[in-house]
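Here is the structure we will look at.
A, B and C label the chains in the order they appear, each numbered from 1.
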Amino acid sequence: MPAYSTNMRLKLPILALIVQVLIIVLYGLFVVYDDGKSDHKDNHTSESHDSQPLALYPMFQDVHVMIFIGFGFLMTFLKRYGFSSVGINLLLAALGLQWGLLMQNFWHMSDGIIKVSINRMINADFSTATVLISFGAVLGKTSPVQLLIMTLLEITIFSLNEHVVVEKLEASDVGASMTIHAFGAYFGLSVARMLYRPGLRNGHDNDGSVYHSDLFAMIGTVFLWMFWPSFNSAIAETKQEQLMAVTNTYFSLAACALAAYATSSLVEEKGRLDMVHIQNATLAGGVAVGTCADMSIGPFGAMVIGVIAGIISTVGFKFLTPVFASKLGIQDTCGVHNLHGMPGILGGLAGIVATALGRKHNASPDKQAAALACSLGFALVGGAITGLVMKLPFWGQPPDQNCFDDSVYWEVPEEDEENGESLTHADHSKSKTEA
Amino acid sequence: MPAYSTNMRLKLPILALIVQVLIIVLYGLFVVYDDGKSDHKDNHTSESHDSQPLALYPMFQDVHVMIFIGFGFLMTFLKRYGFSSVGINLLLAALGLQWGLLMQNFWHMSDGIIKVSINRMINADFSTATVLISFGAVLGKTSPVQLLIMTLLEITIFSLNEHVVVEKLEASDVGASMTIHAFGAYFGLSVARMLYRPGLRNGHDNDGSVYHSDLFAMIGTVFLWMFWPSFNSAIAETKQEQLMAVTNTYFSLAACALAAYATSSLVEEKGRLDMVHIQNATLAGGVAVGTCADMSIGPFGAMVIGVIAGIISTVGFKFLTPVFASKLGIQDTCGVHNLHGMPGILGGLAGIVATALGRKHNASPDKQAAALACSLGFALVGGAITGLVMKLPFWGQPPDQNCFDDSVYWEVPEEDEENGESLTHADHSKSKTEA
Amino acid sequence: MPAYSTNMRLKLPILALIVQVLIIVLYGLFVVYDDGKSDHKDNHTSESHDSQPLALYPMFQDVHVMIFIGFGFLMTFLKRYGFSSVGINLLLAALGLQWGLLMQNFWHMSDGIIKVSINRMINADFSTATVLISFGAVLGKTSPVQLLIMTLLEITIFSLNEHVVVEKLEASDVGASMTIHAFGAYFGLSVARMLYRPGLRNGHDNDGSVYHSDLFAMIGTVFLWMFWPSFNSAIAETKQEQLMAVTNTYFSLAACALAAYATSSLVEEKGRLDMVHIQNATLAGGVAVGTCADMSIGPFGAMVIGVIAGIISTVGFKFLTPVFASKLGIQDTCGVHNLHGMPGILGGLAGIVATALGRKHNASPDKQAAALACSLGFALVGGAITGLVMKLPFWGQPPDQNCFDDSVYWEVPEEDEENGESLTHADHSKSKTEA
C-alpha cells in the first residue's frame, strides 16, 4: 500500500488547491453580494423574497443539513468506510457548492456579474446533491481525486441539463425528481458501469455494515426524512405553492415509510426488517413527489405516490440490485438506483400525469416528458464520459483489495486499523505480538 | 425463533398496508390543502399565521426533529435494541401523524373537510409524542404489530381527551404537560402493567447499555433539550405569549440541568454521575414548565419549576423505578414515569397555582385541575384497555428471552448477531467454529 | 479511586445547587420578559426585531445546536471520554447561559431590570462558547467542580472584556473572532499552562480516538460547519449586513474545507488525511471570517481568509501542538490554539485590514487593533488567574492516571469500564476471571 499512497501523496492537495485558487479568481471577477435589487432574469426569486432577503434562510439551513449530515451519514453504514463517507462527502459538497453557484448562474448573469442570494445558495447546495447521489453508486471504489474530477464534470453537465429543462423546455420540477434525483442516480450508475470491477463480483469483506455503523447511517436517514419538505419546497414560486409542497412531501414520506416497512418485512424470508431498506426506501416518497410537489395533487395523491415509491424502492433493493451487479456490470454500492433512480423516474411520470390532469397552471405533459427524457439522456451520456475520464490511471483508483477501506486515504486509529474492529486492551497487546 | 418469526411474517406487512390504504381513502374524502381562509373553529390559528402560512415552519421542523431524532435516539441507550428504538420510532410516528391529523380535526371539520395547515401538522406531530412516550415504557417487550395497534388506539383516546380538555373544560396547556406528557406516561405505564412479565423480575442481560449506545442516546437527549422551547411555544396564540413560552422553557431547562447533575451525583454512592439521569432528568424541566409556559410566571418561576423537576425526576429514577418493577408489576423500560409522568403532573399542578395567582388571562385553577384529572383518568383507563387488547396472543408478543433484542425483528449484521458485540476478525472466525 | 471519588461526593452537588439558587435569586430580582419596548441602550436590537420578537429565533436555534451538539460532540473524539465531553459540555453551557445573561446585561440595565429578548439569549449562548473553547484546552484533565469554577470566572471576565471592546473601544466584531474565539482559546491555554502536568509529557493511553469515537466527533464538526453562518450573522445590525455575514461565512468555510483537506494530505508522510485536521481545521474559516463577516470584503475576500485559515490551522495541528506541549508546558487536548486561537487572531487582523480599506462604515483599524490586544490581554491574564484558582487542591483535580477517563466521574457500563473497549460476551466472562 505504500506505493499506492505515495502515488496519491501530491495529487489530492495539488488538484484541490489549484481548483480552489481558480474558483477564487472567478469569484473575484464575477460574484458579488445580493443587494436586494433583483435581476429579472432569475425566475425563482419572487418579490417577497427580495424585501425579506433572509426569508428562505431556515429552509436553506434544512437543505444544508440534508446535504452535509443527511447524505454524509447515510453512507456511514459501511463498517470500515465511515471516515470517507462523511469526510469525503464534506469535501465534495464544499467544492460542489462553489462550483455549482458559478455553473448555474453563468446562464443568468446580468452585466457580467452574479449576485449571491439565499435562493442561489440553496440552488448551489442542490447542485451538490447530484454529485453526492452519484458518489453513493461508486462509494468505496474511487479515490478522492477521482471524485473531485467527477464533482467538477457532473455539476457542469447538471447545470447544462437544468438550463435546458427549466429555461428551454420550461418544464416544472420544483423538488427536482428529474433534474437531481434521476439525473444523479443514472449519472452515477453510468460511471459505475465504466468503473466495473470484475474482481468484486463475489463481494468484499468490508462491503457491509456492523451494528453501530447502521445506527450512524440512521442519523443520515432521519435528517433526510425530516427535512425533505424543505428540499421540495424551498424554491417554490409563491408561498401558497411552498405550503403545498411542504404538505405533499410530509404526507408522501409518511405513507412511504409505512409502505417501506411493510414491503421490507414481506420480502424477507422470515419477515424481518432489513436496515438497508429502512435507511433508504423510507425516503423514496420524498424523491418521487418532488416534481409534482407544488401541483395540486392533494394529500391523497401525495400519499399514493409515496406508497408506490416505498414499494418499488424496497423491491428494487431486494431483487434488482443483485441483478444489476451480476448481469449488467453495475456495482451500485448504496443502491442509488432504488432510492433516487426509479423513484426519480416515478416522480417524472407523476409530473406528466399531474400536468395532463391540469394540476399545475402553465405546465404541460409534453414539456414534462421532454424534461424527463432530457435529464436521463444527459445523465447516461454525461456519466459515461465522466466514467471514462475517471478511469484514466493517473487519478489513482484503488485496487480491489483496498476498496471499502478508510485506511487507504485516512490515518485510522492504530488498534482499529490492525483488526478491522475495536479491540480490548488485552487483545490489543496480544495482536501486536502476533503482527 | 423461526416459528416466532414466521408467525410475524405476514401480520406486520398486512396490518401496515391495510391501515395505510384506509388512511389514504379517508384523506381522499376529507383532507385538503390549507387555502389560507381560516375556518373559525380552529382556535389555535391566529390571524397573523394566516397571512404568513409558513411562519411556524421553523418551529414545526424543530418539533419534527424532537419526534424523530429526539425520541428515536433517546431510546437507543439499550445495547442491542438500537435498530428498533430509532426504526420503530420512525414507523410509529409516520403512522401516528397521519392518524393524529384525522383524529384531532375530526372535531373541527367545517363543511366536512379538514384543511392542513402548518399548525395542524405540528399538532399531528404532537399526537405522536404520546405514543412515543408510552413506547418508552414498553420498549423491548412488544412486537411492532402490537405497537401499531397501540398507536391507533392511543392517538384516538388522546384526541378525545384533548378535545375534552381544550374545548369542553377550556383549560390551558400550551406545552401539553398534562395532555401529552402525563397522558402518554400513565397510558404507557398502564399498558406496561397489563403486559407485566414475571419472567423479567430479575432483569435481562440485554436490558442495559454499552458505552457507545449511551452516546447515541445523548444525540436524542441534546436535540430534545435544545428544541423544547419550540415544543412548548409552537401553538401559543400570540407572538408575545410565544416569546414568553420560549423564554420560560429555556430557563427552566437550564436550571433543571444543573439540578439533575447535582442530584445524580448526590444519590450515587460514590458521587458519580449516572448516564440514565443525565439522558432523561435534564429534560424534566421542559415537561414541567409546559402547562404554564405561556403564563407570566417570570424567568424566576420557570427556574424554580425546572429545579424541582430535575430533582424529582432523578430521585424517581434512583428510588421509584425499582419499586415500580418489584412491588407494582410495572416494568418501565425507559423510566417514562420519571421523565414524563411526575414532571407532567408537576406541570399540571404548577398550572393550577399559576392560574390561581392570576398569571394567565381567562384561565382558572378549577378548569386546570379538572383537565389534569381528566387526562390522568383517560390515560389510566385507556392504557388498561389498550394493554388488554395488546395482550391478545394474535399480535405476536415476543417471549421473555427474546426481549430487548433487535435480531427478532431485524436482519442484524452477522458478526454482531452471534456475539452481542462487535468482534475482531480473528475472534470472528473462532466464534464461527464454536457456533 | 474510591478516596478520590468520595472526595468529590458532595462538592459537585453542593456547588451546583448553591450557584443555581443564587442565580434564581438574582433572576427574581433583576430579570423580566421582553415586552417589546426596547430599552435604547441595547445597540444590537434593531427596530425590526422589536416588531417581530421571534424573527431571530431560527438563528438562535442554530447557535443553540452549535453550542450543545457542535461543541459537545466535537470533543467526543477521545475513546474513553465521550460521556464527559457531551455531558459536561451540557452542564457548563446550561450554567453558562444563565450566568452569561446576567453578566452581559449587568452593564445595560435600565431601571434596574434586564429584559430577556431572543437577541440576548443568543448573546448568552455566545458567552458559553468561550468556556467551551477553553474546556477543549483542558479536556480530560480537570474535574467538573474545577470546570464550574472556570465557567463562572471566565464568563465574568469575558463580559468585562466584551463591554470594553464593544462599548468603550467601539470595535466591530460581529462573529466574535476576537472576543469569543481568540479570547476563549488563549484563556484556555493560559489555564492549561497553570495546570501543566509533567506526568503526561509522554502522553496517556486514553488520549486518543477509536474508529467510532471519531465518527461521533464528526457529528459535532458538521453541525458546527453548517450553522456557522448563523453564528456570524445572528447579531448583525441590519438585514443586509446579516445576509452579507451569511454569505461571507458560507464561502469562507467552503474554501477553508478544501484548503484543510489539501494541507492535511500534504503534511502527512503518506499523503493520508488526518481526522484531527478534518474535524477541526475545516472550521477555521468560520472563526477567521468572524470579525469582518458584516464588512463588504466580497465573496472573494471571504474565500481568501478561509483558505489561509484552513492552511494555518492544519499546519498548527501538525507542527505547533507538539511544540506547545514539549517546550511551553501547554497541553492543549483539543488543539484549540489551532482552531480558535490562531484563526481568531487572523480574524482580528483581517478586521484591521478591512476597516483600513474602508469596508465598514463607522469602524477604524485603530479601534480594531485595540480590541484585539485587549481581548488577548484579558484572556491571558484572566486565564492565568483562573488557572491558579482552579489549581487549589480543594476542587479535586484528578491524578494523572485518571485523566481522559469517564469512569472517574460517571457510572460506566460494567463491561466497558473493565476493559476500555466493548467486549464480546465470551471474552467478557474470561476477562472477569483474569481480573
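One rule holds for everything that comes next: a residue touches a chain if its C-beta (ideal position, glycine included) is under 8 Å from a C-beta of that chain, and two chains touch if they have at least 3 such contacts.
Everything numeric here is computed off the predicted structure, so don't read it as measured data.
Chemist: Note whether the interface between subunit A and subunit C is symmetric in residue numbering, meaning over half of all numbers used appear on both sides, and answer same or different.
Modeler: Different: fewer than half of the residue numbers at the subunit A-subunit C interface appear in both copies.
Chemist: After a C-alpha superposition of subunit A on subunit B, what does the rotation angle come to, in degrees rounded to the nearest 5?
Modeler: The best-fit rotation has an angle of 120 degrees.
Chemist: CA centre of subunit A versus CA centre of subunit C: separation in Å?
Modeler: The answer is 32 Å.
Chemist: Residues of subunit C touching 2+ other chains?
Modeler: Expected reply: 58, 212, 219, 422-423, 427.
Chemist: Can you name the residues of subunit B that touch subunit A in the complex?
Modeler: Contacts found on subunit B: 2, 5-6, 8-10, 12-14, 16-17, 19-20, 23-24, 27-28, 31-36, 52-54, 57-58, 61, 64-65, 68-69, 72-73, 76, 82-83, 86-87, 90-91, 94-95, 97-98, 116, 118, 121, 144, 212, 216, 219, 408-413, 415-416, 422-427.
Chemist: In the complex formed with subunit C, which residues of subunit B make contact?
Modeler: Its residues touching subunit C are 58-59, 62, 79, 208-212, 214-215, 218-219, 222-223, 225-227, 230, 239-240, 242-244, 246-247, 250-251, 253-255, 257-259, 261-263, 265-266, 268, 270-275, 278, 282, 296, 298-300, 303-304, 307, 419-423, 427, 431.
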